[in-house]
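Both complexes below contain subunit A, partnered by subunit B and then by subunit C.
On to the complex of A and B.
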């Protein structure tokens, strides 16, 4: 036991000696949380809209003003000709062009009907849908004002909605669980796999293997310091989300921390697994970063909901542990549900941990070639 | 010049000596493109809804059948118990609960305004808003239907109407694959160059071979060019592979000029590789390099506008983004591939990339010391 502690101390010394990596380790979760909180958002804001106003009367100007004063849009240069639309969209100068037909208000008054055409840049589908919907809603609103209150009173069924768990519809509820999940798995897998392959590459692994330490002790000694550091990371993220975004842990904090420990342990085991299959640090880094970063971001339900993907991705993402941890964090942290709601996901994480450890044990060679 | 060619040859040999890396630099991007591109979409396929009908009249059934008939909704459960329905929402089995109160049909019959109550799981705010949008659309349709019946019995003056037509240019069907592929391609090229080039230099430091390099008459810039060139070639080959997949598998229209795309990507790669080498001059170990690089990379990517619109970011963040090379390549990729933008359209982005590339490579050459 004493021997083991000395070994752990050695590992800690390795980590503390590299001060910059340590700083980044603690800076990264903070930076990401703030980035998602204050910088990156999927809301529509300041999208540039231009108008091709073929009638240029009072009514079309009113509609244009209404669109631009909504806060979602910024007015771009006016367009005078149909051929200019393509130019403006192609040069990314505008996101949408609104075309008013000729004699717009005269048509409304005499025929009771006038047409407006919305052209958006479909190369960004999400943006295009949002701009189209918002502009249509604003024009419909204008239409209703025009029609007067007479039409409104007749709408018999007035639906009401309650937004559960997130009444203000903030995007933080989505990304805080995501950031914890992403950081933990990448950092843990990266760190453990590097630290073990490093010993292999530098040849110091031989020294360790001939020492009286058992292989299990070597591995445990390697992951224990990172386990502690990652746990501190989780606490930093939770504190930040509570203090900065006012998003506290609604359910049991103890349960969330215990689940995080399980997830960290699992990520570390994956790191060990990676280190057993790679012989150089470069390979280990390549697998843990290039191989794992994008699938974790895109397939775990972090940014893009799994339910929206084609059916087959339900199966593909089933082998990605982050998917389950995100569910756990969302349940415990945001919905405030108890263990009864997440036991299945917990079991799956335990299974992945055992699987990774099992395979590594079989593959871990105590002799070099 | 000959010196540089020899050095480049040496670098290539070193990269491909590692069989795993040699295969992985081409295999991983291909596999990830094939798997990831079709997965990513914000579009909602179906909304799982649970209906609590406490009224059970012709009117409430009519509303229900409208929901069942809509392609967006799948009614997974119908119950009388509000508690049971909320529990389903809690467990994540359904996305929406719709409650029709007792007396709903009666009120409609009398022409008294009445209400229905929906509850949504709003952890994913965007999804919740969209599903709610669909549901209000259905209810709106139901209202219009009643209205139409009313018109027959009452005299009614027609209301002025603005007809709205919409059109999505360049991607009429809003195919997400077309949108994501250029973006994911950009990230993969970035990741491979950034990780491998930097590690390569640091590894030489760690194993001490860099000192042998330093005592040769090779000039600093020659050394740097030799470190950049192989990864530039690999990055462009990856790009070509990715574009081929885009064309063959995802049927992406290539409207713009391929040459322009490759020139821009080459400048982008040089900018990224210069930065990678610059960071590696500060790093003593591969681990240290990796964490610094990872830090920059993830921030570059998240702020690049690949997942979220750039315009939604606050002004100060957009100013910081001026030095983020990923922003420009993301924009150029999408503009040239999907919209057929010409050099005239992307000249500002191109200029920015050239400036960044010049800066990072100069910094790398200046920072690199031949003396230990």
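On to the complex of A and C.
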């Protein structure tokens, strides 16, 4: 035990002496949370909209005001001619242009109908869809008001939508679980595989293996510091999302922390597995980033919903453990559900952990002969 | 050197990897306090033999007793009683001199107080006192090598294995290094050393030369020179490993 503690102490010294490791451990989680929360936010906020108002009457003014006062849009420079629309979009000055036809109010009153044109920048499909939807919704709302005030007694089917669990549709709800998942893979898998392969590369691994330390003690000594530090990371992320984004843990905090520990353990065993198959740090970094990080970002449901993917990606993502952890975090943190709803995912994570440990033990023994 | 006390005794050691025979029927003995040179071209099977002797790998067959323990059954006991320094440098660059000593001392189960005392005397002996709190990375290679050797024998093992310990070191440091080896052997620690420098082989009490998995010569340097009727160990080595060319 004494030997083991001496070894663990050395690992902590390695970590605290290497500023790159420190940055990844302590700065990156906070930075990523803030980055995804504020900058990469997919919510519509203050998008610039310009108007080409060929009618310029009371009603078009009203609609324009309604759009711009919604909080989603900001009014850009007015456009006077059709030819300017293309220019404004090309110059990236506006995200959308709304065109009111000539004699707008008069048409509504006489024909009971008038046309509005919404022109968006299709080179940003997500943004374009969102802008169109939002503007259409605002105009529909205006329609209803109009219909109500004219009191024609038309009964319209009016759907009332409520988003459960995330009523304000904050995109942070989406990113916080994703970032926890990503950071853990990064810190645990990448860092442990680097620290073990570094010893191989330097030749110190030989010195450790001929010492009375048992291989199990060496591996445990390597991962224990990272286990503790990544757990601290989880707590930092949860605190940040609570304090900055007002996103508390709805379900049981103890359950969430326990699941995080399981996930950390699994990531660590993947890190060990990576280090047993790679002989240099370069290799370990490559496998961790391309083999673990990239699929986590793209296929785990972190950014793109799995339901929308072609079947083949769905299958690939089924063997990616982060996918299951994201489900767990979302359930416990945002929906506030208990263990009964996540036991399947938990079991899958346990399975992956055991699998990774099993394979690395086999590999390790073959190497030792 | 005490000729009667054997610290390593190997009889008919065979190590196979699949159908490849890395060590083919090795038999030799090493005495307490002896400096035993283990020579051979690259790929001759030296590293495999050292891994077996140091408990890292187990023999396919044959009897291997190191420091009184059986390599088949008691590799853990062997590990506690040997020191090891490999060709790659084995100290941690991002730790200080004292931290490295503390670490290896601790791994070998030496009490803290004892480590401190030994560190003190070690640093004084090497004229190292002012380097104690420096990072290893800041030391010149020669000093690192000497320090690595001192750390490898910090726990007073019965045998220390040195795998090409003087690779890439200048001649003066190599000389000083061999003085340390002599001093260590005089304390009764057996030194088992591999090297590619033939002048270093001359310093050994006895040398063995391996070729294609077999030990083909084993005697004192003087005895070998006499047997092959040449002036240096280098010539002996060339005669043995490339018989056709001479």
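Keep in mind that, in the parts below, the second predicted complex is superposed on the first by the 313 of 369 C-alpha atoms of A that agree within 3 Å, B and C clash if a C-alpha of one lies under 4 Å from a C-alpha of the other, contacts with A are read in each partner's own complex, and residues count from 1 in each chain.
The definition used in the following text is that contacts are C-beta pairs under 8 Å (C-beta built on N, C-alpha and C of every residue); 3 or more make two chains touch, one makes a residue touch a chain.
What you are looking at is a predicted structure, and each value in this text was computed from that prediction instead of being measured.
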Once the shared chain is lined up, is A:18 touching subunit B (first), subunit C (second), both, or neither of them?
both
Of subunit B and subunit C, which one touches more residues of subunit A?
B
Determine, under the contact definition given at the top, whether A:362 touches first (subunit B), second (subunit C), both, or neither.
neither
For A:207, decide between first (touching subunit B), second (touching subunit C), both and neither.
second
Of the partners subunit B and subunit C, which touch A:2 in the superposed model: first, second, both, neither?
second
Which of the two partners, first being subunit B and second being subunit C, lies in contact with A:28: first, second, both, or neither?
first
Of the two partner chains, subunit B (first) and subunit C (second), which one does A:10 touch, if any: first, second, both, or neither?
second
Shared subunit A surface residues [contacts with subunit B and with subunit C]
18
In their complex, what parts of subunit A are in touch with subunit C?
2-3, 5-7, 9-10, 13-14, 17-18, 202-204, 206-214, 368-369
In the complex, subunit C residues that touch subunit A
17, 54-58, 76, 79-80, 82, 84-95, 99, 102-104, 106-109, 161
Touching subunit B in the complex: which residues of subunit A?
18, 20-21, 24-25, 27-28, 31-32, 35-36, 38-48, 86, 89-92, 95, 108-109, 112-129, 132-133, 136, 139-140, 142-143, 146-148, 150-151, 154-167, 169-171, 173-174, 186, 190-191, 194-195, 198, 278, 280-283, 285-287, 289-291, 293-295, 298-299, 303-305, 307-310, 313, 316, 327, 330-331, 334-335, 337, 341
Considering only the defined contacts, which subunit B positions touch subunit A in the complex?
18, 20-21, 24, 28, 32, 35-36, 38-46, 63, 89-92, 107-108, 111-129, 132-133, 135-136, 139-140, 142-143, 146-147, 150, 157-172, 174-176, 178-179, 184, 187-188, 191-192, 195-196, 199, 203, 284-288, 290-292, 294-295, 298-299, 302-303, 307-309, 311-314, 317, 331, 334-335, 338-342, 344-346
